[in-house]
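Okay, so subunit A shows up in both of these, paired with subunit B first and subunit C after.
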Partner chain A sequence: MVILNFTLTPVAASKVHDLLVCLGKFSDTVAIEARREKFTFTALNSSKSAYAAITLDGNQFFTHYECVPSHGGPDGRFTCSMYTKALLSVFKGRLYDPLGRDGAIDRCDVSVQERENETQCRFIVKMVCNQGVIKTYKLTYEAVDVMHALFDRSVAKNRWSMHSGAIREYIEYFGTKTEMLDIFAGEDGRCVFKSYTEKISNGKEILKHPLVTAVAVNTSDFEEFVVQTGMHIIINVKDFKAIVVHADTLKTSLKAFHSQPTRPLQFSYGSEGLICEFTLMTAGDYSAAPPTPAPQAMNSRQASRTPSTTTADRKDSRSFRPNMPPPVQPASRRDGSGRLRNPGSRQASSAGQAQPSRKESDSLFVPEDEDEDDAWAPVDHDREETLGWDASASHDAAAFPTFTDSGSGSRTNTADSNEVFEPTQRVSQIKGLW
Partner chain B sequence: MRFKASIQNISTFTKLTASLNSLGPLAWVKLSEEQVCFTIIPEQGTQVWAVLSIDAIFATISVQSAANNVINLEVPLTSLNRALKSALNATSAHIRLTKNDKLPILALTIVTTTASNTYSAFPAAHTGPASHEDGFDASFDNDIGGGNRETIVTHEIPVRVLAPDTVAHLHEPACREPDVHILLPPLMQLKSISDRFTKLALADTKSSTAATATTSRTRLEVAANMHGCLKISIRSDAMSISSIWTDLNNPELDPGHVAGGEHGIAEHPSTRMKQLGTADGRSDQGWAVVSIDGRDWGKVMSVGRLGGRVIACFCHEHALILYVYLPNDNGDDESVLTYFISSYSA
Partner chain C sequence: MEDEEPPVLTAVSSSARQLYLLLRCIAFSNKAHVQISDLGLKLAVDEASAMEASAFLDKSLFTTYTFNAPAQSQNPPHPDSDDDLDPPSATTPTFQISLPALLETLQIFGLTDPSTSKPPWARDAPYPTSTTFTGNNILGGMNNLCRIIYDIPGAPLSVTLTEASIRTQCDLTTYEAEYTDEIPFDRQALALKVIMRGSWLHDAVQELSSTTPEKLTMYAKTVRGKPFFALSSSGTLGSARVEFNNQPRPSAYRTPASTNLADPPAQPPTNLLETFQLSDPDTVLRSSYKFSLIQRAARAMSVATKVSIRADTQGVLSLQFMIEVEGGGSSGGGGKISFVDFRFVPLVEEDDDEDEAGDDVDETIMRHGSGSDEASEDDDML
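Right, the complex of A and B next:
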């Protein structure tokens, strides 16, 4: 049995309205996670390319907040999911109106009724209005497990922040039908926000193509701007608009954090006990980024930490590993996939160290044709997305059960010496194995 | 092929494109260093032929091409209008023809300047985490330095370059001399009344099942005489409504512009029409009548936003031609939009 009761001021309730409007642009349903000291709304869009989490601080945001989850102790939580529209019909606009006009409330009490001896589980919202009118809404909810997107800010070397009011002006220039937004850090001290749509057709249809709009902003107009020059980061323009419009309701600064194109980008802002974090999938022309010691390594999960791989980085990557989606991976397999990402560059940098392992695992590494593959592959996006689920890697494990044993050996090996397994076989050599 | 111009009158340009866009999505734009022509030829409905002097919209212009320094483009008006709209508060705006991925585009570049402190007018908004202090300091410095945020916005409007041959066969419709010419009352007045008529007619149609009747029912009858009267009426089974304006102006014909000079005017149909009808509009005689689609007329009336003088020329039961003269400073009627509205046959 969970105890969850809280009270909102009219201002806070109207902020809940604003955040629901924003989350509604990402998903039809909003998930709720209540902990002892904070309350979080999350939304994940259908393509799972955008994740939003808006956290309300128990002490700061609410006039009263009490949450005692049924189990889990201090770390326990109560989670559920509801239709965004259902919540929005309760948290209407204009809940806060200093003039006390229609729709204004005095306060808002929320409680959750979840008891084993009752048949109804309800999310109950009481709007206490002027003249003693109390509107009570009982909403149904669905018990769900709430997942969070992880974002490692220590890795996001590129960051900028700007007042939402200024960005709000910029997004108004964007065409209505555009889909993508390219954020480009130019070399001339300007940052360009370019909204566009992927080419769809040619001929007569060209004229129906939506407007391409580029807004060039002096980087000095940013409150902070630390972005690798020449980098393109591409996100969905609708997501960006939704975020900026919401940030503008709080009159606060919008901060962006990102590492490389194809790696997640996070927008963050907040004020007065309300913290918003949006983690978005990005695309981008990373070939346009200036060359680094191992440009190919940009793709690699390991190497995305820093271009030059060090032992420390390796450990870092290991600590990150439990966050990966699939079941426990043998370290060796992970190494395998790491190698798949950047065979050429690694070979050059650590050829000497690689030599022993090549001998050692000679017969074990089957799909070693990645050199050729990489030469032909145009861009590595997909493989980046499916890191850890690599079909060839699982094939490895299935076909060679003994491999995990030797894996422990190579794990220490890699951790210490910072080397990677090298290609050992050609396709022509392994045909007999199938 | 080169086209480059700086826009001096963004508001006029925006209103022009908006008005034209209500009649059709695409415009044939003919650019030269003497004048700019916009032509809309929809599949059906009203044609617009607009000729604008350069200084009506552009401050400077440069047009170079192999075909007598004339460039013909097909331009999507919605995109152009949207781009221009965002330039309304710009400090400067330039437009040029260029290429992107081998596709021709019109690039509209606008520069806007915003005082850097406009959004931080309420420093109280800067509450929250300590990191906000940095942000505040930064904007504070800007204020001290008198720094303004300068933003450069570039809109890329896809266009099609038309070969001279493609447009060679396009000609302005030829029409016989009009029976009546009259200066229209303020278009906002005219529009709201005719829109109301159309709406009434459509509301009446809803009850009737015949879909084919729709077009005939929204048929407006527009008539004028040479005694300053304009009449708009609509008729259906259930109703008959009309509005009459009186004391409008019938401009004198300029002998220099009529074939045959003074003699031509004497023989002109409008001279004959002057003999008929009365100034109170009660006479049945002396009316030149056209029958047009109310919805199409509503689109034409959209030109009212440009605020020009409008002279309507009525060719009885044949066509209605509107000449919209753009207001300008030096009093010349150099920029004119011509609307060709053909009458339904009775």
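Right, the complex of A and C next:
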């Protein structure tokens, strides 16, 4: 039996609305993780290239917050997942109205009903409106395990920050149909935000028209700008827009941290007990990046594969480092390492498994490779699963307790039996195989 | 000289929009029954005999209203005349017309009228967007003159609209009335009567619709002399309930609101439920209705100033909406009050389900019944 009760002021409730709108742009479902002192909404997009976590501080954000997880002691947590739409229909806009008009609320009480002696488990939201109207919603939820993408800021040497209002102006210029955003630190003291779509044609048929909008900003306009000059880092423009629009509702500064292209980038901002962290996969031209062993394993893989039509030109335009292509380990040998490998070894194996070869669709996570048995087994709550993501790119940096693929049996077998596993295949496509 | 006989009905309204706004509330069916009487026009629609709605266009809505009972008076007196009116003294011609066609006719000049497309709160704005072409309000409703003529039984209903120098005449075919019985509502045996603001009800129904429910359940009870009224529904994603507690709260919340003069002054911390009568105060009244039918009344709820919610002992629900249509200019003294009625047949509760679900909901209702301020006290009572 879990105890989770909290109360929100109208202002806080409307912030919950705002953050749900933002998370709704990443995923249909939002996961909730409640701990004793904080409450976190997380969302992971379908291609697992963007992960969002918005943490609400128990003391600061809520007027009252109480969470006693059923097990796990002080580190225990209550996790569940819900449809973003369902939550949004509860946390509507205009919950906070200084004039006290209809729709405005007095306060918002939330509790979780999960008791042994009751047949229903519900996430109960009670909106207490003025004049004695009380709206009570009982939402169904799904018990899930929440995973987090880890990001090591200590190795993210490149960082910049800027007020969200300013960036909000810049994103207005981005074409609505553009897909990617290239953030380039130029040598002339400028940073260029370039949104673009690459031309994609299938024979004579043009599937996508090229469209490029570049916004150049003096680095002196940033509150902080420490980025290696000449570095391109490429993210999804939609993600960026969603983040900026939400950051702007808080009127706060948006901070970005990243190490190098193809390594994750994190946006972070927050105010008044609300901390938002978005970890995004990046692509980019990393010829200027310092050599690190981890990405090379993937590079060699890419160099050896047949380029697919859609990504061919982009790949070729990149200058890969052709040196030191490590041999691809046979799956049988990799298998031996089994579960709970350290994060470093995961790098090699993920490259060997040949699935995240296309950079844009790179998963934030090494996919869950649960055994068939494991997948059906009851969730083991003692063993906290945290899918980690090694931002440091160094093999021995096991500083955080990441643990990724619990047993890679079924996956590797599939790869083996297929002999040649098309490296261009997306994670989402692979999923259908089992 | 039959031909010389005056038409059965001649009615002139200075504002077609008034009529339009009222009739729009019941615009969910193709055919509407029209009943002409001394007192006015009644248009009624029904759906599958499970709900019916009627709008009464009182003769005071018209500048001229002349009703001549058909001379030969072939029509037998209708037993199903509206209970809300005195029994018509003369025979009341009854026929069917196409309601969408009538609405289309009434707004034939109204397409450029900004006020019809605006939400209610914006309609009273003096002349925000009026142009040469939309200046109906400024001219005090002199335009959009609407003349309704029903010549003899069986003749088409002729609607003539005049705006400035343009005149449009539409003859709407009338059909033989095929009256099914009205939904019986026993106003002598009321189980519940609640009067509240229409917008509250509208808000509640909107709120419940987010769960995409099948049915809507209504609860009413008295908690230590205090009224309690709730609407609840449940769908696949969960359930929702909107409670109305009569608790005047002189809390901090009203104070800042009252300082704002833009707020309607008619909002002192009065009771949420203006009237609350429960025939048997000791029990919890509970009855369910099909949600999609209730939603048909949403438009009426949104424009109504007040709604009277009544249920008789059999569970038949009557929603009577008091709608203030702004005076067409010709009639001084602000808005005229009209009424739109809805009636709903309750869903029959299955006993098996009721035992489980019913008890559960009742229990939570009781628990949260009187607001959390007195939750502990409430628990003691139970």
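Going forward, the second predicted complex is superposed on the first by the 278 of 434 C-alpha atoms of A that agree within 3 Å, B and C clash if a C-alpha of one lies under 4 Å from a C-alpha of the other, contacts with A are read in each partner's own complex, and residues count from 1 in each chain.
The definition used in the following text is that contacts are C-beta pairs under 8 Å (C-beta built on N, C-alpha and C of every residue); 3 or more make two chains touch, one makes a residue touch a chain.
Owing to the predicted nature of the structure, the values given are computational and were not obtained by experimental measurement.
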item	value
Which of subunit B and subunit C A:D106 touches, first, second, both or neither	second
Per-residue touch tally on subunit A - higher for subunit B or for subunit C	B
First (subunit B), second (subunit C), both or neither touched by A:S220	first
Which of subunit B and subunit C A:R153 touches, first, second, both or neither	neither
First, second, both or neither for A:H163, with subunit B first and subunit C second	first
Touched partner set for A:R94, first subunit B, second subunit C, both or neither	neither
A:V212 touches, of subunit B and subunit C: first, second, both or neither?	first
First, second, both or neither for A:H64, with subunit B first and subunit C second	neither
Touched partner set for A:V133, first subunit B, second subunit C, both or neither	second
Contacts on subunit A seen with subunit B and repeated with subunit C across the two complexes	none
In the complex with subunit A, residue positions of subunit C that touch it	199-200, 203-204, 207, 210-211, 234, 236-249, 251, 253-254, 256-257, 260, 262-263, 269, 272, 360, 368, 371-372
Of subunit A, residues touching subunit B in the complex	161, 163-166, 169-170, 172-173, 175-176, 190, 199, 202, 204, 206-218, 220-221, 223-224, 250-253, 270-272
Sites on subunit A touched by subunit C in the complex	83, 85-86, 89-90, 98-103, 106, 109, 119-120, 122-123, 126, 128, 130-140
In the complex with subunit A, residue positions of subunit B that touch it	26, 74-76, 79, 82-83, 86, 100-101, 103, 105, 114, 116, 118-120, 122, 125-129, 132, 134-135, 138-139, 142, 147, 149-160
